[in-house]
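In what follows, structures are represented as C-alpha cells.
In what comes next, chain A is part of two complexes: it sits with chain B in the first one and with chain C in the second one.
Let's turn to the complex of A and B:
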C-alpha cells in the first residue's frame, strides 16, 4: 500500500469517526441539520455521477427526490415497511431516469439543462395538481420512520445513525461503480464521446445509465427525506432545490468522489454556522459562494490541484523527460 | 484468394451539387497497408466517414470481412474489429495512459453486468502493459494522457486503436503535427505491428515521405474519383498523379 493510499484510508477513517461523533451532545435541531446534510450528500452523489463523471447536465435531481419521497410516503402510509417501500421508489426513479436520459441522446449542454428543467417543473405541477394522490399543496404527513424492532429510529439521533449507515452503503456502491469499467466509460463519455464510441463504448446506453443511476440516488435521498421530516409537499422539490443540489456538486468539485459531501456541507451546514451573524448570514454565505466559484471553478476539492500546480508546477514534464532520452 | 478485409463497392456521396465521392470501388486485402492520398477536397475524409458509418453513402455499400456495414454505428463497427485513429488528438486527457488503453479494450470483454461487478481492469492489465510497452510508453503508464507531448499523445491514440485486436485499422493523418523523431518511432511501431499481427491498415496522410515508406499500396483520389492505384514507386512516377497532386 503506497503512502498516498494509506493516508487516503486514514482520512476516510477520520471522516467516518467525525460523522459518528458529530451528533454527540447536540440538540435535536443540529442533529436534524446533520441528517439533512447526509441526505443531500446522497442526492448530490447521484448528480455528481450524471454531471461530474458522465458530463450530462441535469436540473431535475429534486424531482427524483420527489418521486422517491412520494412513492415511499404513499407506501409507508399504506402500511409498508420503509425497507420495502424505498426500493420501489428507487426502481421508479431508475426507470423515469432512463426515460429522461433519451433527450440527452439528441441535445447537450444548456439545451439538455432546459429539457431537465422542464421535467422538474412538470413533476412539481403533477405533485401540486393531482391532490387525489399527492395531497396537492397540503402534501402528505404522518409517515412512520423505519422500525427494526430492537432499533427504532423515532429519536432524531437514531435516525441520524440510520441515515449514516445508508449514506455509507450508497457511497460504497458509488465507489464500486466509478472504479469499475462502467465508471471509466462514464468518464470517457464526458471527455470525448466520439472517441469513446469509436472504441466500442455504447455511448447511448452509457448516457441512459448515467441518468438512471443518478436518478435512483435522488430517489434514495427522497425516501430518507420522507422519514426525516414526516411531512412532504411539492414546494420541497421545486426547481430551486435542483439548483441547490447542482450548487453542491459544483462547489464541492464535479467529478471528485467526495465533492458532494463537501458541497452539501457548504450548502446545508455553512448557513447554520454563519447564523451568529444574524441578519447578515445569507449575504455572507452568498458572497462566500461567489468567491469560491470565481477562484476555484473546479470546486473546493479542486483547490489541491490548483495549489500543487502553483507551488510545485509539473514535477515531471513528461515530454521533457522523453526529450532527455533522445540524442 | 482470401476474402478482402475491406470492400468499397460503387460508393458515391454528394453534398448538394458537389460530388464528394463518385462511384469509388476498391478492395483492401488482409495484412495490406493501403495509403489513401489526394489533394484537399478529393474525397478522402468523406470515404473514411462512409466506412465508419458517420456518413451514409448515396449509393454503393461498404463490406468489412464480407459483412455489409452500411449504416452501422461506430461502436458496432469497433466490435466487428475496426479500429481507428483521429486527425485531431483523441485521447482522454484526464485519464492515465493505462486507463486510456484499458478503456479501448474493456468493451470487448464480458457483458455489461460483468463490467459493473467484475475487476476494475476488466482483466486487461497484462495485455494493456504489453501494448504500452510495445509503443514504448511504459515510463508514462500512470501519467495523465493530457499532460503528454503531442507526439506521445499520438502514440497513445494509435495504441488505443490496437487494444481490441482489430482486423482493420483506419489511421487518419497519423503523422500530422508529429516531430521527425516521433514520426520515425510511429512508423516503426506501425510496420512492426503489421508484420507481427497481419493487421490491415488504411492510412490517410499528406506527409508523402511517411506514406510512401509505410504503405504497400496507394490509391490516389482527385475530385472524388480514383485517378491512380499501385505501389508507392509507381505512384511517384505516375504523370497523372504528379500533375494532380504531387507536383514537379
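Let's turn to the complex of A and C:
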C-alpha cells in the first residue's frame, strides 16, 4: 500500500471514531441534529450518484424520501418490523426512480431539472390530497422505532448508533458501486455520453440505473426519517427539501465520494452555528452559496484542486487538451 | 356560459402577465444560457420597491413606480448580470441553476426580514370597476391587465424586429461568434437582454401585485408557472412564451372552476411533463438541435 492510501485509511478511521464519539455527553437535541446529518448524508449520497457521478440533474430527491418514509410508516404502523418495511420502501423507490429516469433519456440539463421538479410537486400534492392513505395535511404519527430485542432504539443516542451503522453500510455499498464497472460507466456518461456509447456503454440502461439507485438511497433516508421524527407530513418533503439536498451535494462537491457528508454537515449544522444571527441566517447562507459557486464551483472538497492549480499548475499536452474538448 | 366567459377572461388576464415573466425568461436563456430560477422573486421584488417608495420615502404613486422600475433595472438587471451570472456562468449550467436558486432564497428572505412577512395591500394602477360584458361580470382590472401586457409584448416584438439594437440582440442570441465578427457589441447586447428581463419582471409585478397582494413568498408559484409557460410554448420563441402564458392562465382557471380545486396546481405540471416528453421544443418552438 502506498502512503496516500494509508493516510486515507487513517483519515476514514479517524472520522469513524469521531462519529462514534460525537454524541457522547451531548444532550438529546445535539444527538438529534447529528442523526439527521447522517440521514441527509444518505439522501445526498444517492443524489451524488445521480448528479455527481452520472451527471443527471434531479430535483426530486425529497419526493423519494417521501415515498420511502410513507411506505415505511404505513407498514410499521400495520405492525411490520422496520427491517422488513424499509426494503419495501427501497424497492418502491428503485422502481419509481427507474420510471423517472425515462425522461432523462430524452431531455437533459435544465429540462430534466424541470421534469423532476414537477414530479416532486406532484408527489407533494398526492400526499396532501389523498387523506385516506397519507393522512393529508395532518400526516402520520406514532411510528415505532426499530426494536432488536436486546438493542432498543427508543433512546436518542441508541438511534444515532443504529443510523450510523446503516450509514456506514450504505456508504460501503456506494463505494462498491462507484468502483464497479457501473461506476466507471456512470462517469463515462457524465463526461461524454456519445463517446461512452461508442465505447460500448449501454447509456440507456446506465442512465436509468443512475436514477434508480440514487432514488433508492433517498428511500433509505426516508425510512430513517420516519423512525427518527416519528411524525411525517407532506411539508417535510416539499421542493425546498429537494433543493436543500441538491445544495448539500453541490456545496460538498459533486462527484467526490465524501462530498455529501461535508455538504450535509454544512447545510444541517450551519443553522446551529449561525443561530445567533436569527432571521438573517438564510440571507447569509444563500449569499455564501453564491460566493462559493463563483470561486470554487466544484464544492468545498474541490478547494484543494483549485489551490493546487493556482500554485502548481499542471502541465497538459496541448493536443490532449484539445482532444478532451471534442464532443 | 356567462360564468365560462368570466373564468376564461380572468384566466386570459392572469395568463398575459405570466407571459411577460415567461418572455423575460426566454430572453435570458437565449442571450446568456441562463435559466433563472429566481424569476418568481424578480416579480415580487419590484412591488416592494414601490411599497418602500410609498411608505418609507413618502413619494407619490407615480414617482414610487418610476423609482421601482429604475431600481429593478439596476438590481435585477445590471447587478444580477455582473455579480451572479458573470462570475458563475463559466462554471457551467448546473452551478448557475443553483446560484439563481440561492439568489431566489436571498431575495425572498431579505424581503421577509427587512420589510415584513405579512401580505401587504398594494395600490391598483388601473381602475377596478366591474364591467358587464355579454352577461358576464368582468373586472376592468382584468381587461386592462390583458391589454397592457399584450401592448408590451407588441412593443417588445417591434423593438426586436424593427430596430437596429433589437436585431443585434437577435443576432447575438442566434450566434454570438458570428455576431461579434459582424461588429455587434455582444457583451452590451447580453446586458440589454438582462435589462429587458428586469423591466418585464417589474411591469408584471406592478400589474399582478394588486390582484394577489404583496407577499414575500409569492415568487414560488409565479416562478414555476413562468418556466412552465416558457417551456410549453417553446423556449426559443417570444410568441411561444406568450401562447404558453395565456394557455396556462386559462387552463388553470378552468380546472379550478370545473374539474378539481385540490389538484389545480398539478395541471400545469402534468402539461409540462407531457410537453417535454412529446414535443421538447414546445408547441410553437423550433428545434435547435441542442441536447434538449
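Assume the second predicted complex is superposed on the first by the 303 of 327 C-alpha atoms of A that agree within 3 Å, B and C clash if a C-alpha of one lies under 4 Å from a C-alpha of the other, contacts with A are read in each partner's own complex, and residues count from 1 in each chain.
By our rule, a contact is a pair of C-beta atoms (placed from the backbone, for glycine too) under 8 Å apart; a residue touches a chain by one contact, two chains touch by 3 or more.
Only a predicted model underlies this, so the values are computations on that prediction, with no experimental measurement involved.
Enquirer: Please work out whether A:245 is in contact with chain B alone, chain C alone, both, or neither, and reply first, second, both or neither.
Expert: Touch partners of A:245: none, neither chain B nor chain C.
Enquirer: For A:188, using the defined touch cut-off, is the partner it touches chain B, chain C, both, or neither? Pick first, second, both or neither.
Expert: first
Enquirer: Per the contact definition in the header, classify A:114: touching chain B only (first), chain C only (second), both, or neither.
Expert: second
Enquirer: Please indicate which partner A:140 is in contact with in the superposed arrangement: first for chain B, second for chain C, both, or neither.
Expert: In the superposed model, A:140 contacts neither chain B nor chain C.
Enquirer: After lining up the shared chain so the two structures overlap, which partner does A:34 touch, if you call chain B first and chain C second: first, second, both or neither?
Expert: neither
Enquirer: Would you check which partner chain A:67 touches, where first means chain B only, second means chain C only, and both and neither mean what they say?
Expert: So A:67 meets neither chain B nor chain C here.
Enquirer: Check the residue A:201 against both partner chains and state whether it touches chain B (first), chain C (second), both, or neither.
Expert: Only chain B; A:201 stays clear of chain C.
Enquirer: Let me test your reading of the model: by the given contact rule, A:45 touches which partner, first (chain B), second (chain C), both or neither?
Expert: neither
Enquirer: Determine, under the contact definition given at the top, whether A:180 touches first (chain B), second (chain C), both, or neither.
Expert: Touch partner of A:180: chain B, not chain C.
Enquirer: Identify the overlap between the chain B-contacting and the chain C-contacting residues of chain A.
Expert: none
Enquirer: Considering the complex alone, what residue numbers of chain B touch chain A?
Expert: Of all residues in chain B, those touching chain A are 52, 73-75, 78-79, 83-84, 86, 90-95, 99, 102-104, 106-108, 112, 115-118, 120, 122, 139-140, 143, 147-149, 151-152, 160, 163-164, 181.
Enquirer: Which chain C residues qualify as touching chain A in the complex?
Expert: Within the complex, chain C contacts chain A at residues 35, 83-84, 87-88, 91-99, 101-103, 105-106, 109-110, 112-113, 224, 227-228, 231, 262-263, 265-266, 269-270, 272-273, 276-277, 280, 291-292.
Enquirer: With touch defined as at the start, can you tell me which chain A residues reach chain C in the complex?
Expert: 51, 57, 103, 106-111, 113-115, 117-119, 121-122, 125, 129, 243, 246-247, 250, 254, 279-280, 282-283, 285-287, 289-290, 293-294, 297
Enquirer: So in the complex, which bits of chain A are touching chain B?
Expert: 177, 179-182, 184-185, 187-188, 191-192, 194-203, 205, 314, 317-319, 321-323, 326
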